[in-house]
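Going by the order they are written in, the chains are A, B, C, D, E and F; count residues from 1 in each one.
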């Protein structure tokens, strides 16, 4: 019986490349990983957005209407709905002049209870410290 | 009877992506384009390296020995052998501290007569000005 | 010459854009270039906006990323794909994507 | 923790690398990261070389790009793929590629 | 009416840059222009037939077929780039041609405007 | 002896990053370690069978087959990523498996080290 923590660190901007999208879809895949593991074993994902990657977390993304692809917003909300831990780097949010109102902080509209947190980089670093493996996207 | 000038401007570093390689191979393809054109029509390519792209022009690249792929050096020499105009931005060469000795300036070892030139950016800009179309790689 | 530059990213654009000379230079923000119109890093507007009096942003790319026209710099004009076609054929002799 | 960072590019690496904290942080220059070991932009050595006393460069990637060991900063140790495997398993608990 | 040649380079499946190129083609053709579309390097992925639609990827095979149906749109993949990736003639999307790189230069020769989408 | 999981993301055919991942696998296996190799996003291109060798591209199918023959190497492509690009089961290189993304997480679970090559 073991739990391994994986940190998914998103530093890329959305859409121009697939990187941030693959971070979200792989983190969400932690929900079905048990079929490959022994009873009681678990993978615990943590999602953290840092650097320009925090721009993935803006509300009101309309990629589905305009381009027919799931928005990063939708994937972040799905992650919250599944109770994944989602952190957004405070220093980067401030540096880029983003107001908290503009950020995806919850998934209440789809019935989610878990909230994202705007966390100082030191806390994200602590999560990396206590993770078993780090995946930078 | 018309000649159209195409400027191939290389700003990307080599190897991590395919961009600079595709610039060279497409520029060299100007040698066989006549099959698609009317008699007397021509495409005149100009190759210019600017920004970090000048690092494609370093001598002694051993990508073929180590990775089994044609080096950018070989492609630049092939371009000179085929008498393509090759320009390397002087300001960028100086900024990056590259000595002229370290640059691919000719293709004498494979029988080429045309030489590359280390040109001020103003001259590269003039080539862009007189080109019909610009292709940035 | 007249030159339309499609700026497609948020980083490392300034170095190249600053060096280009044209009788008329247009800057069209597309893809992740749209952040130049909307984000003020460290409280400052993007230096890209100083490079030309002819500034455009592709509305589809702005909206997909979560921004509205009300959030962008007033110098930047929001355009559609259809407008972009007209810019390409009617306003600029040469077009590049950086 | 001990952390080995594979630096794979020449631009935009400093911002992330500077913020990472580890009891032991190693910097391994691979792919286009090798330019940090060999290029002095504006006469200055890359700031990446100040980030750690544990600096490595992958010799295959150095040589493919036209550099020899004699041209790199003396603080940087040239290693093979085989050495890299040992660094990964013996020197660092976690490995990232940026 | 004029001709636009769009060269699409490097890997764009999973990126909205490829969608950009397709939407720009649609807008140009709607205005009566014609478009040549060149796929090179990793962008030759667009020429692979049998792409399945998922919500995480834009489905571009249908819009490309609609563009071909206008008679004002040509799409050609770099043959060597495709073969290197294991995309053979029989793997190619209907209506997509394959030629060597000189095709792109010839298309540029006769184009009124060229938009070369390079980089990565 | 230990296990290394390498996750290869985004487009790497035509780039030496994919060669890097293969050469690192060879070096690890030569030292007695085992390697799991996960292909996702555009990197699923490596799983396409029938890639032709050109001097402008490194030919990785042979080294991958040699790695598989050691019995210490597994290579798996993301099934959805592959299907979205039109790479079906019958298009897949011999010895390459296809699974959903959770396979990668399970491989990370039991790995001593993970090298995730993301970005573009």
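Worth pointing out:
One rule holds in what follows: a contact is a pair of C-beta atoms (placed from the backbone, for glycine too) under 8 Å apart; a residue touches a chain by one contact, two chains touch by 3 or more.
Since the structure is predicted, the reported quantities are computational estimates derived from the model, not experimental observations.
Taken together, subunit B and subunit F share the touching chains D, E. Taken together, subunit A and subunit C share the touching chains D, E. The minimum number of touch steps linking subunit A to subunit B comes to 2. Look at the contact of subunit E with subunit F and you find the same residues on each copy: over half of the numbers used there are shared. Summarising the inter-chain layout, the chain whose CA centre lies farthest from the centre of subunit B is A.
Compared on C-beta pairs in contact, D-F and A-F come out with A-F as the pair having more. The chain with its C-alpha centre at the largest distance from the centre of subunit E is D. Subunit C and subunit F have centres, each the mean of its CA atoms, that are 38 Å apart. Distance between chain centres (mean CA atoms), subunit E to subunit F: 27 Å. Chain centres here are Cα means. That of subunit C falls 24 Å from that of subunit E.
Multi-chain contact residues of subunit C (touching two or more other chains): 8, 11, 31, 60-61, 64, 94-98.
Shared interface positions of subunit B, i.e. residues touching 2 or more other chains, are given as 15-18, 25, 63, 67, 133-136. Across the assembly, subunit F contributes residues 10, 14, 16-17, 41-42, 56-57, 113-114, 116, 118-120 that each touch 2 or more other chains. Contacting chain pairs (ordered by label): A-C, A-D, A-E, A-F, B-C, B-D, B-E, B-F, C-D, C-E, D-F, E-F.
For subunit F in complex with subunit D, the residues that touch the partner chain are 2, 4, 16-17, 20, 23-24, 26-28, 30-31, 33, 112-119.
Within the complex formed with subunit F, the subunit A residues making contact are 4, 6, 12, 17-19, 22-23, 25-26, 29-30, 32-33, 35-37, 41, 43, 45, 132-137. Looking at the complex, you find that subunit E touches subunit B at residues 7, 9-10, 40-42, 100-106, 108-109, 111, 113-114, 116, 118-120. Of all the residues in subunit D, the ones that touch subunit B in their complex are 8-11, 31-32, 35, 39-43, 60-61, 63-68. On subunit F, the positions that touch subunit E within their shared complex are 10-11, 13-14, 41-42, 45, 48-54, 56-57, 80-81, 83-88, 91, 120.
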